[in-house]
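Each of the two complexes below includes chain A, the first together with chain B, the second together with chain C.
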Partner chain A sequence: MASRPAPAPKRPSQLPASKPPCTIHPSAIIADKAQITGSHTVEIGENAVIHPWARIRAEGGKVVIGKNSMVYEGATVGTVDGEDVLIGDSVNIETGAVVEARSVGDGSTVEVNAVVGKGAVLGKWCRVAPLECVEAGEQLEDFTVVYGDGRRRVDKTTKEHAEIRELKRAGQEKAVQAMRTLIPNAMAKWAG
Partner chain B sequence: MAATFPYTHYACPCSNLTTPASTSISAKRTSLIPVDAPEDSTFNPHDPRANYSLSPLDRLLFCDECEEIRCQRCYGEEIIHWYCPTCLFEVPSSGVRSDGNRRSSSGEEVEEAYILQCHYCDWSSLDIGVHFSKPTKITEQLAKQRKSRTSGGSSAAEAQPLSHDETFANLATFYKEQLSESGDPQNPYSNSPYSSPNNLARIMSLYGGLSVNALKKTREKPQPMREARGEEEGMLICSFEDKATDDALLQSMQNLDWANTTTAEQRLSAPANKGARLVDALWPVATRLRTRKCRRCHFCPQYLSYPDPKLKVGNLRYKIRALALNHIPRLSIRSLQTSYPLPNPAFCLHAADLLQRQPDIQPHITRQYILTIRNPILEPIRITLATPTTTPGRVASRVTILCPSFTVGPAGDVWDEALSSSTTSMATIPSGNGGRQAAMESLTGRGADESLDRQPEAGKVWERTKNSTSVVLEIVPGALKSLPGIVPKSEKELEEDEMEEGDDVLEVPIYVRAEWEVSEEHDDAGDRKGGKRIVEADGNVKKEMAFWCVLGVGRIGEGG
Partner chain C sequence: MSRPQAVTRRSAKSEYIETDTGNKISRRARIEGKQNIMLAGKSVVMAGAILRGDLHRKIDRPAEGEKGGPITAINIGRASVISTDCTIRPPMRMSRGLMTFYPMRIGDNVFIGSGTHVSALSISSHVHIGANCVLSAFCIIKESCKILPDTVVPPHMVIPPGSVVGGRPARVVGEVGEGWGQGGGGEGEEYVEGGDLRALVRSIK
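The block that comes next holds the complex of A and B.
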């Protein structure tokens, strides 16, 4: 008798219809309720943490998340109709932020509810303050701080003092370690 | 002066203490009440000096011990404590004296050193090259570093202008010297009957004087105070010679953008920042502390207002709060003819209503007003009112109080009022027939159709509620312009005829006297006054209180 493959069991509704091809480092932590959608590849680096309800959209292009980086709750990384999004190492995308940038340099932080437009390029060690906006296509030099009502300044302290950069990096590692203990890993759901 | 009519302003008794004004040139100026009884003189609300002693009820406090109203000039403010507005940390006054009125904040660690860093924009004190050896006493460390910077710079050149702090110190010393030389009296509350030390010295010198020095001082004419004349006295000379630094500054201001220049607010934040034109030159300034103040009567050390020092409480609570509102009989006036209730500006829904001016009062037409006196204390009081027949000032209006002497019931709990409903007798309302009309009467306080028919009668109270009594005032406003006469006026008379601002406002000064009796146990002020009270036969203490107040009725229009 010809065996017909049994119909696949109904998936729970929270899984997206299209699961993108993911390359996830075994040490990364991805929460169960995180959402990864799209058809392009998604790469998640070593020790990265994706919080619950974070959204990674690989629909317009691929998404790469560097090591020791974190994507917080409700944040959106990736474009729907744009290009690739590359997030560097030790980067924090905080709660509610929307990042559609072409790339975000190492050590940068996009703070709560900030918006980074399509194709923008953020340098290293940048900082976008809460609710700030980076225009589409805008290029921020290394060590730029976006704050106030759209003001920009150069962060002299981090630029000129290597020990400050080292401190920030170490601080980010500690934060990542703390988050790893708090978020149960559901990486298996997304791997492979 | 209140913007809306009608208003009531109360006169503080401090106006009694001022010496009578010296004979002035214009005959229009009448002096305020001298120390004698008010029957001799009238409070003139149009006097330019009257504004200093009249205040609305919400500005007045009341001293229990002196049993008098205290206006803003009669109480002093003292600081209870200082606290940081952000973290509500209380700084003891010794800390304030040493550190200045600033609060220091903590910083991040860099190796063995500490820095100040902003969590928002990532500025740190390393940008100006400042780091600290320990996380405490930051203000002190900052001050030391600032001093070493500015003094290090100026010691290089000789002709450097003096620093801001030195200039300030020189100027302060100079002014102190000037004050002592010109003999300015510092103590406004001296008890001497002579109005100034110069007078006293002059009179003393007539009798031979005290000593050689005193005589010498009186013979020398005291120099008037002068201003600083040189750098050592504290004058800051602005010179145009230092073109090079100015040019460099202008050049850098052109190159850097607007965001890099300082705002006036930043420059004013600290004396160190006064000359800083570019953001790079700003010096970190600690958070300004806030204070909590208490108010004390000037004449006795009684607290009039003492807020609760506990900071964590959400609302500001008071340990002591003695408002005039709760101690003196309160007057208010309203027109008899207008509809009831009057629109209160606080409850206006549309902005247009606020701007609507009340119609002007027509001169020479008799109008009747209801004057309501409310009693805030727990005893019934006997009120006597007095007012001059014609209002003082340029425009003379005739005022008659139909019932100048009456009683007002005590204020009490709400329960008392509800339980003893029978005693809230409206004397003028006829007994109801138990129907709807009677119920309406008890709610609104008077008969529905009665108010139209009632006529004010002399000697009778208009309306009486539990703790307030209303009487009727008849006012005939005077005309603004005097009638043209046959004889043309001389220049002087024309001058007097000119209206000054505020002359068209109809203000009625009223002298209010309240008498009441307090049973001996309840009287607290008696012990403090040292047995001054007189105890009656039945164990009650007679108390009395009197003050002037001014009722603002309205503006008199043209059309006499």
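The block that comes next holds the complex of A and C.
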């Protein structure tokens, strides 16, 4: 390592950051251009998909990503100086979202460019609409939808109908299957 | 013998790679699956833009004779500008029991503001999209529309031609006038929204 020249500052995506100790399930798909940095552990569950240019920062605490979850491009998961981040199963963290929550419950979706503050706790099947903000430390009950201008409501349809939850879960599995065929897996690069 | 200097470069590596059809693609653009992305000509992709050409429909029949070649995931027309830090991602939905991606079509003279996320199914020509917008999956934007900055267009919304759209969720808040897009396009003139973007493209270095 001593002979490696200093990394060029102009290309952040190729900066050789510290590779954290990762526990990656063999069926997870991690794109080559994904960025996993930090010193705490990163656990990636079964069938999870990490898209190119997704960033997982395990600098403040460990990051756990549940099974069938997807972290899309440009999304940032993990804190720099906070605590652990636990992402549940079948969770979608969409493009550009910044998730520093303490935990995101199963089935939740954090949509494009949303921001979830440090230490927030999202229940199961929650949904944060695009460009929305969940404040630090805020707790969202199960089935909460955060939408337009900071309003909150409860997603009764998903709450009351178990078959909708099943369909969503099956849909997420199908989406993960589709990604599996399209994104070449570079898991070996990150495997512990 | 001193080693001869490296090939004399021009002052610095230019920001944009220029193709023979006149497209300008930034070196810092993040493009996946570039063989599935078609840029018609004289279009610009600025730094930090993410183009997911790797998310495309998978066809099962390999040598049927019909579609042996590459599948286009993203089609961008002439003189369109994709500003910095945008994300262009083909929309995905369940079709016949499988999740598939649909090809995305962006028309000519489309200006996409910085930081926007585009998952629309199609964007017609002469559309101006402001900064930090979100165009969710399968929305359809017809000709000559203007999308105000910070708008969130919900999935499957169809925006009729000539409308001004804004808000979260997006609502039609007005109509572009009849002179939309006129008056620009000449050399050295101010860039006009919805107008001919070729002059703008030429001025981007």
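Following the convention adopted for this analysis, the second predicted complex is superposed on the first by the 178 of 192 C-alpha atoms of A that agree within 3 Å, B and C clash if a C-alpha of one lies under 4 Å from a C-alpha of the other, contacts with A are read in each partner's own complex, and residues count from 1 in each chain.
Heads up, the rule we're going with is that a contact is a pair of C-beta atoms (placed from the backbone, for glycine too) under 8 Å apart; a residue touches a chain by one contact, two chains touch by 3 or more.
All of these numbers come straight from a predicted model, not from anything done at the bench.
Once the two complexes are overlaid on the shared chain, A:Arg127 sits against chain B while remaining clear of chain C.
When chain B and chain C are set side by side, the one touching more residues of chain A is C. Touch criterion met: A:Glu163 reaches chain B, while chain C stays clear of it. Of the two partner chains, chain C is the only one that A:Ala175 touches; chain B does not reach it. Applying the stated contact rule after C-alpha superposition, one finds that A:Pro52 touches chain C and leaves chain B untouched.
In the superposed model, A:Thr95 makes contact with chain C only, not with chain B. Once chain A of one complex is fitted onto chain A of the other, the partner contacts of A:Glu135 are absent, as it touches neither chain B nor chain C. Shared contact residues of chain A, touching chain B in one structure and chain C in the other: 129, 147-148. Contact residues on chain A toward chain C in their complex (touch as defined above): 11, 13, 33, 52-53, 72-74, 95-96, 111-113, 129-131, 147-149, 171, 174-175, 177-179, 181-183.
By the touch criterion given at the top, residues 28, 30, 32, 50, 52, 54-56, 58, 87, 89, 92, 94, 97-101, 115, 117, 132, 134, 136, 150, 152, 167-169 of chain C touch chain A in their complex.
Across the complex, chain B is touched by residues 127, 129, 145, 147-148, 151, 153, 155-158, 160-161, 163-164, 167 of chain A. For chain B in complex with chain A, the residues that touch the partner chain are 108, 110-111, 117, 120-124, 126-127, 259.
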